[in-house]
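The structure is given below, and queries will be raised subsequently.
Labels run A, B and C following the written order; every chain starts at residue 1.
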Amino acid sequence: MTAYLLKRLTIALVTLVLASMVVFAVLEVIPGDPARLMLGMNASADQVELLRNQMGLNAPLALRYLHWAAGLLSLDFGRSYTYSVPVIDLVRERIIVSLPLALIALVLSTVIAIPVGLFSASRRGRAGDTIAMGAAQFGVAVPNFWFALMLIYLFAVWLRLVPAGGFPGWSAGVWPALKSLLLPAIALALPQAAILARVARSALIEVLHEDYIRTARAKGMPYRAVLWRHALRNAMIPVLTILGLQFAFLLAGTIIIENVFYLPGLGRLVFQAINQRDLIVVEGVVMLLVAAVIAVNLVVDLSYAIVDPRLRSRQ
Amino acid sequence: MKLWKTILAAAALTLAAGTSAMAARTDLVIGITLEPPHLDPTAGAAAAIDEVLYANVFEGLTRIGPNGEVLPDLAESWAISDDGKVYTFKLHTGVKFHDGTDFNADDVKFSLDRARAANSVNAQKGLFAAIDKVDVVDPATVKVTLKNPQGSFLHNMGWGDAVIVAPESADTNKEKPVGTGPFKFQSWAKGSSITLVKSDNYWGIPAFLDKAEFRIVTDAAVAVPALLSGDVQAFPFFDPDSVAQIRDDPRFKVAIGSTEGETILAINNKQPPFDKLLVRQAISFALDRKAIIDGASAGLGVPIGSHMSPASKAYVDLTGLYPHNVAKAKDLLKEAGLENGFKATLKLPPPSYARLGGEIIASQLRDVGIDLEIIPVEWAQWLDQVFTKKEYDLTIVSHTEPNDIDIYSRKDYYFNYDNPAFDKIISELNLTSDAAKRMTLLGEAQKVLADDAVVGFLYELPKVGVWDAKLQGLWENAPIQANDLTKVKWTE
Amino acid sequence: MTLHFDIPEETLASILAKAFTNRSFLTGFVITALVAAVAIVSYIWTPYDVTKLVIADKTQGPSLAHWFGTDHFGRDILSMIMVGARNSIAVALVAVGIGMGVGVPLGAFAAARGGIADEALMRLNDLVFAFPALLSAIMITAIFGPGAINAIIAIGIFNIPVFARVARAGALAIWPREFILAARAAGKGATLITIEHILPNIATLLLVQGTIQFALGILAEAGLSYVGLGAQPPMPSWGRMLFDAQTRMVVAPWMALFPGMAIVVTVLGLNLLGDGIADILDPKSRRQR
């Protein structure tokens, strides 16, 4: 067990280091001079050069990478070129929007998907299953930004039930803040729920064919109890995998949804930063997201090992 | 379907009823399209800084009024010496900065000296170039001596770049602006909003509003739902392209005013084949300005034939010089030896006038045989590639600075235009103070630019403001990019 | 060289018979064929010229003259959807091609070699998977400039590890099989075995995954175009049409409705097709992603 743990951990760390190199190298080739951007149209070439020196943009590449990477370790992401405040402050301001949004969407998608998956699996091939899975097929096919647009016009513009966008901040109270996260969370959650429901259904059907389920049934255990007590638990592995993938997706995948609803979250921060060539912000946020993905995958990996000890030796 | 709609509408009505019975509001959420990089108007060119702070938080000796007139502000009056070189400003007394420190003549001297110092980061140092020295006569009197008479000096002192700051807070204004205006800065949630609240110890007529939040709404697509749902109650600079969605809604006022924004199809005059006059003229003939205005600015906007606002006294109507004429454009291209057409690129910055106008222009130029590849760029890339490095063939941009025809005489400007005759007119203009003579020179300058078809002159950008019909006091025109809230109030 | 398929009990006829009774497959096939047909027809004929702007006819609702209405430049939306299908299909198809072309050889190679090569590939896969795909695609297109080609590359890159993983997993399951052992005993090399025996037998897996990635590619392209980083005008694209539509939802909702429906229908068709193929060729297979 310890050896397996160590191996997974080492792999995760190596991936993280490689990813940091890729992020840094890729962003170095982005055209556009942040110094020029900060100074605007009227600045002279000398002023731009001066600022480039001040910002350390003229140092050798390797040196700048090491400096940046060392900073990352102590959670020092550098200072934003456009806002001239520490990147970590921006991240802190934004993550309190993105993280709750991703979590709400994840919970919503699970709460919708698991019952639908159960329902479908237990009525396999019957009308209920066909309708539910047909709906799921639609859910998978709908682009979430298009769905978001439709939601905005129905619930915000036409019915005026929730804000069309924007975020009042947690200081405005929990309910107003949650209310403004509701539509974006639904827009994010439904397509994910559709995928999850399909996975849950097929995992359940697979499990229901296993011998021990038949045995349990043969022993006279009620179908419903079998479904809940045995099948669902054993179908959790594929469901967990998808959940892990989805969380990472949701955290970053909010990028378009946050733009549709102009929520000040991480996705919008990084999108704006890309456009404004605020490289240091892009680097910081992307690394953070990459780290989150790696961490979630690690947790999912480890939880397999706990759920199913056989996997440990197979790796 | 109909029943469904009725039920939903009834539900909405019930919910809305709960919030309608309220007294006249004193808060306002204003949408702005660009987030300021920081909050110090004396240290940055971004118009977004002034849109939030000008006249609200910061005040200057003078200020610009809603129609471009110069009004007294922190200076209650002034006297000008006979030779036009010495301005003596009489200041208001009892004025305090928001942090409680007193405002007096020392702050004026500090601000002006800081702005014109060699290491100044002021984006418009030219405004102060004429100042020779600033003297404090007494705490309520400042004497400014100019190197030479300057007709525009009082106007210059009204710019956002010339506001008065205190030595105690000047260095921290970028994050926490401290001024003398009727509103004081409260908070800035980066990427989201900037909030101002009414200042209790304001020296002049207090503001009607208690709280004003500037919400950053970069995307025109979300501006409309934000307005319709009541989240944002005013967009003083609304995307003209979206105005059709609001125009017929009685809940909103749509104010169409003028700007100083000459929208042009800029041409790289050194880049073959655009170095040929015939080619540039052909482009001018190929442009159908009416279609461009209809398609890119909802039919709002006045066609121009040279680089001057039709609202200006110096304006000469040259729009008849190149009427839309596809056959003529083709003839000119043939004459230039390009009867088979050619390929070029069109780099478009983010505003809708550019992106939409670009698609229309590409289609119009295709009709005469010029095949344009559209390259959308962000402002960062535009500044870098087009403005700085001049790596472009064509681009579309609106030049919103007032009275800026002299940019065509600037060396190394991105048009790559070089005409000694034009330069001569501009340098003569700079030495001329006689109003009538200036008009003649400005007219000649416009004529030269039009004859040379330096760029494709399109139209004057409209200023479209949209706000709740119950709001009063917002500016309809935009002589400068600002959102003066000092007289804004809710009626009823 | 002969290719060996390991389908002992089934014949082509029985597969076809199953296909004609499989609801998912039939529906998916019909929809996909229809979309492809529309795209092909658009080369020869569209109701209107999509490069011609008729500003006077802008934002007109659906009518007999314009079934799906007109857009903000007076272009016929039906015609644009038809031409836009080309773009969606081309981008997604080439992106799948890149993914397969690079990913499958990598995965098959890793499975054949094992050891360091296998480990290195898996780690490389982890590395790519660690990047949120959409964010990275936005970054790539923002860096190298918006456009259809860069969108293809950005989407294609993220298809590589997907196919590498599927190919590797499929190959690993086949290597221990008897007929492979027999081939080895006959002295065939790893490369030859991979080409002759492994690839034909993972082809169905790859086909199913390819359909899924095709559908995802269409969604990804729409997303990129929607943020303005995909195909550039005058080339119509569905995502771009939604981008244009969103600022005109109140006056011209049809501008958003029809292109959105086009995306949904196409993706739906491909997903059904993929499900159907999976069912027909291997009823026991359960897709995990």
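The working rule: a contact is a pair of C-beta atoms (placed from the backbone, for glycine too) under 8 Å apart; a residue touches a chain by one contact, two chains touch by 3 or more.
Bear in mind the structure is a predicted one, so any value in this text is a computation, not a measurement.
Centroid distances built from C-alpha atoms place C farthest away from chain B. Relative to the whole-protein C-alpha centroid, the nearest chain centroid is that of A. Inter-chain centre distance (chain B to chain C, centres taken as mean C-alpha positions): 46 Å. Chain A and chain C have centres, each the mean of its CA atoms, that are 23 Å apart. The distance from the centre of chain A to the centre of chain B, each centre being the mean of the chain's C-alpha atoms, comes to 39 Å.
Multi-chain contact residues of chain B (touching two or more other chains) are listed as 221, 225, 228, 378. Each of the following residues of chain C touches two or more other chains: 142, 246, 249-250. Touching of two or more other chains is recorded for residues 31, 153, 157, 259, 275 of chain A. Contact residues of chain C toward chain A in the complex are 123, 126-127, 129-132, 134-135, 138-139, 142-143, 215, 219, 222-223, 226-227, 239, 242, 246, 249-250, 253, 256, 260, 263-268, 271-272, 286-289. Residues of chain A touching chain B in their complex: 31-34, 36-38, 40-42, 82-85, 90, 93-94, 152-153, 156-161, 163-167, 169, 259-262, 264, 268-269, 272, 275-277. The residues of chain C lying in touch with chain B in their complex are 51-53, 55-56, 58-59, 72-73, 142, 145-146, 228, 232-234, 246-251.
Across the complex, chain C is touched by residues 11, 14-16, 18-19, 22, 26-27, 29-31, 137-138, 140-143, 145-146, 149-150, 153, 157, 199, 202-203, 205-206, 238, 241-242, 245, 248-249, 251-253, 255-256, 259, 267, 270-271, 274-275, 282, 286, 289-290, 293-294, 297 of chain A. Listing the residues of chain B that touch chain A in their complex gives 8-9, 11-12, 15-16, 37-38, 44-46, 123-124, 174-175, 189-192, 215-219, 221-222, 225-226, 228-232, 378-381, 383-385, 387-388.
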